[in-house]
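Below, chain A partners chain B and then partners chain C, in two separate complexes.
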Partner chain A sequence: MRRKALAFDHFLHLNVGKCSNFGSGVIFEYNGSALVAMVGKNCFAIASDRRLGVQLQTIATDFQKIYRIHHTLFIGLAGLATDTQTLYQRLVFRHKLYHLREERDMKPETFASLVSAVLYEKRFGPYFCQPVIAGLGDDDKPFICTMDSIGAKELAKDFVVAGTASESLYGACESMFKPDMEAEELFETISQALISSVDRDCLSGWGGHVYLVTPTEVTERILKGRMD
Partner chain B sequence: MGDSQYSFSLTTFSPSGKLVQIEHALTAVGSGQTSLGIKASNGVVIATEKKLPSILVDEASVQKIQTLTPNIGVVYSGMGPDSRVLVRKSRKQAEQYYRLYKEQIPVTQLVRETATVMQEFTQSGGVRPFGVSLLVAGYDDKGPQLYQVDPSGSYFSWKASAMGKNVSNAKAFLEKRYTEDTELDDAVHTAILTLKEGFEGQISGKNIEIGMIGSDRIFRVLSPSEVEDYLQEVE
Partner chain C sequence: MSRFEESAPARGGFSYDLCKRNEMLMQKGLKPSSYLKTGTTIVGLVFQDGVILGADTRATEGPIVADKNCEKIHYMAPNIYCCGAGTAADTEAVTDMVSSQLKLHRFHTGRESRVVTALTLLKSHLFSYQGHVSAALVLGGVDVTGPHLHTIYPHGSTDTLPFATMGSGSLAAMAIFESKYREGLTRDEGVKLVAEAICSGIFNDLGSGSNVDVCVITKGKREYLRNYMLPNPRTYVSEKGYSFSKKTEVLLTKITPLRELVEVIEGGDAMEE
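Now for the complex of A and B:
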């Protein structure tokens, strides 16, 4: 049976030399991204880098990777940019209808289950995305989770990471994280973890974008990092 | 009357603006066994007569009140087999919701989806409306709720309601006795008294069925002996 030529097949030859031992993981490295979410004391922070690249070329330095679903629920999407944008559009569509039908916002755990189901629908032709979900649940308890591109959920009590810089991020978060940090300290920690990790990844960087969410307010800040 | 010329086809309006088949379906409901529901401050109770066609029928095998989800139950008036189809579809919809959101379906959503199914059967070819009205009792984050769903697909939230043969007497009785802050056990007593009003013969744990849900959010159908206990409390 002839396999349909997929868009990125044309670029496979460019990647084969560089990433011969990565297998099909190359597609996740096409655009580059770094995402991290951390839990604090009755608050959470979610941060991303700002680079949009086409392999080695940087196209944009203000690319949005964290999206707001409702006032206390955010989803960051790492991976192939076209898929992240489409997936975000589909999820916002689902949430808007949910809100109209049920007359309430989705809880973060419910939203995570929805994202998992949406991703698994495409099990044999997946979205090349890795989501990071962060929200305040019942009683304003922070909730974070990540999943792979076919919807395998991973809940965590402390932090979750995604993207091309994920390995550096794991190291940085593991060493810098402390439980029950207040909002300001959480912001400092997540910013340091993000900046130091993307500096070790050629495909992500060009600044940072941090959302700090408490039960009463949402603060959005841009970080200045190495612009390379 | 001009209406009868339009009663052959479900999907044709009569000149008076009615769908005659739905009217007939409501008549089928109105000649079914009485059932009722009462919403208390801390729960909901639903009850029905369980008159069997002969004393030879094994009454333990008949269950008119069914569970849709662990926290939602339903009772019907009208054609039993039609209610079984709706119960099946509703259970499936509730499970599909859970599979997608990993959260129990809210009562209003399940009622709306069931009502949508009933409405579809009033606007499709080759089918007839369901000959049942359902009373759905549930307890979720919004508290105790009681809904009635009609063959037309319309649904209403009730504080207390009755359907079936004795509906007007039962509703009049409920109107007199219902209070806003009634407790669940008192509601059960009121339900039994309401059933007793129009009951032909001797009421017992074997010829009525009672289902209830409290703040524990678990819907249960009472066993005949539990019903007997409540009956004795009422005496």
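Now for the complex of A and C:
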């Protein structure tokens, strides 16, 4: 069945040696992403890069990767962009149903179990996404976790990373992280870890997007980074 | 009709609706990603009063250590625990599922769960997926019939043994067991032997690492010793930490205050007409 020619079809032909195929890349490296979440003292921060690409070509420099589920629960999604958007829409739908039935917002631990179940359901035909979940639980205790693409939860007490830049992020966070940081210091640490890691990854970058959440306010900041 | 059903919560079991699309992506040249594996050394042994299970705490994603302190000893019932090796999502999902089934069974029968019940539920699930659910388990517990220790392979075969090891570090741990195990060990000797076997896996196998978790199950009591040994502490930590010479440049800041807490006045006469 011939499909209709789409507006960006000619972009596919511009790729040297590749016409409407994905080359020999890895699915996770098709769009590129970098995500990190860190825990501080009664607060947490979640940060992402802003690039959307099609292999080595950049399509957008303001792509949203961190989504808000409710006022103190955020989910960042790394991986294939189409799957991240679909998964986000499914999760927000499930949360809205939960809110209508229970008349309250979901706790972060419950939401993490929900995401894990949604991903494991597709065990043999998965969504190519790696989520990073961050939220404030009971008594304003920060909660972060990440999963692989089939829902294996990894709860951490310090930081979690995901995306194409994850190897650099592991190294940067491991050396820069300190336990019990206050909000401003946490922001500085997570931003420095993100920017230095994406500088070493071709597929992510073009600035950073950081959400810093304390029990009283949510601060959203856009970082300046190398535009290459 | 079918579109709405897709979004509604599913009836349980796996859903295969993305398989066709993923096949198409593979054909076009995209390679699949690697899943979180628990490279692992898991062991179990039977001692005079019950069963001791042990596991390391490293979770790997390819060659990278994703989690330095994960939990591999899963709860099945108050008297039954299960260690899992293989694909992390599979071991977690299969042990959670059988744990729920055991709880329902306990409500139906009003009795303590038996280890062979858990064994049969696990092996029939794994066999029906013909090894594609990649979970290798060491199941141990104490019930009315005594202490039991079993190993379960991803294709659904099982063994009943006095001491067992599974995972990539199983050879290193089995070497320790084969040379030092004897029947009728005391609790302290058993815990020491299990810890030694796990340490052998941690130091000799690249897929296992970090800390040692131990779980001792006896009649009517279980002790979950999380991080029983920490043989790999972080060395050379600088007290002053990392200081940044140049601050990050911020282009835009948006602050959203969260809802203020409302004062609730107790015992007010709001309803008085």
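The rule is short, and it goes like this: the second predicted complex is superposed on the first by the 203 of 228 C-alpha atoms of A that agree within 3 Å, B and C clash if a C-alpha of one lies under 4 Å from a C-alpha of the other, contacts with A are read in each partner's own complex, and residues count from 1 in each chain.
Please note the rule applied: contacts are C-beta pairs under 8 Å (C-beta built on N, C-alpha and C of every residue); 3 or more make two chains touch, one makes a residue touch a chain.
Values in this document were obtained by computation on a predicted structure and should not be read as measured data.
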| item | value |
| --- | --- |
| Touching partner for A:R101 - first (chain B), second (chain C), both, neither | first |
| Chain B versus chain C as contact partner of A:V218, first or second or both or neither | second |
| Contacts of A:E109 with chain B and chain C, given as first, second, both or neither | first |
| Which of chain B and chain C A:P126 touches, first, second, both or neither | second |
| Partner chain in contact with A:V92 - chain B first, chain C second, else both or neither | neither |
| In the superposition, chain B vs chain C on chain A residues touched | C |
| On chain A, positions contacted by chain B and by chain C | none |
| Touch list for chain B against partner chain A, complex | 99-103, 106, 108-109, 112 |
| Chain A - residues contacting chain B, complex | 101-102, 106-107, 109-110, 113-114, 117 |
| For the chain A and chain C complex, residues of the former touching the latter | 21-28, 30, 71-72, 90, 93-94, 97, 116, 119-128, 147-154, 156, 166-167, 170, 175-176, 178, 188-189, 191-192, 195, 207-208, 215-224 |
| List of chain C residues in touch with chain A within their complex | 7, 9-10, 13-22, 25, 28-33, 35-36, 59, 61, 64-67, 70, 87-90, 92-93, 132-133, 241-242, 244, 247-259 |
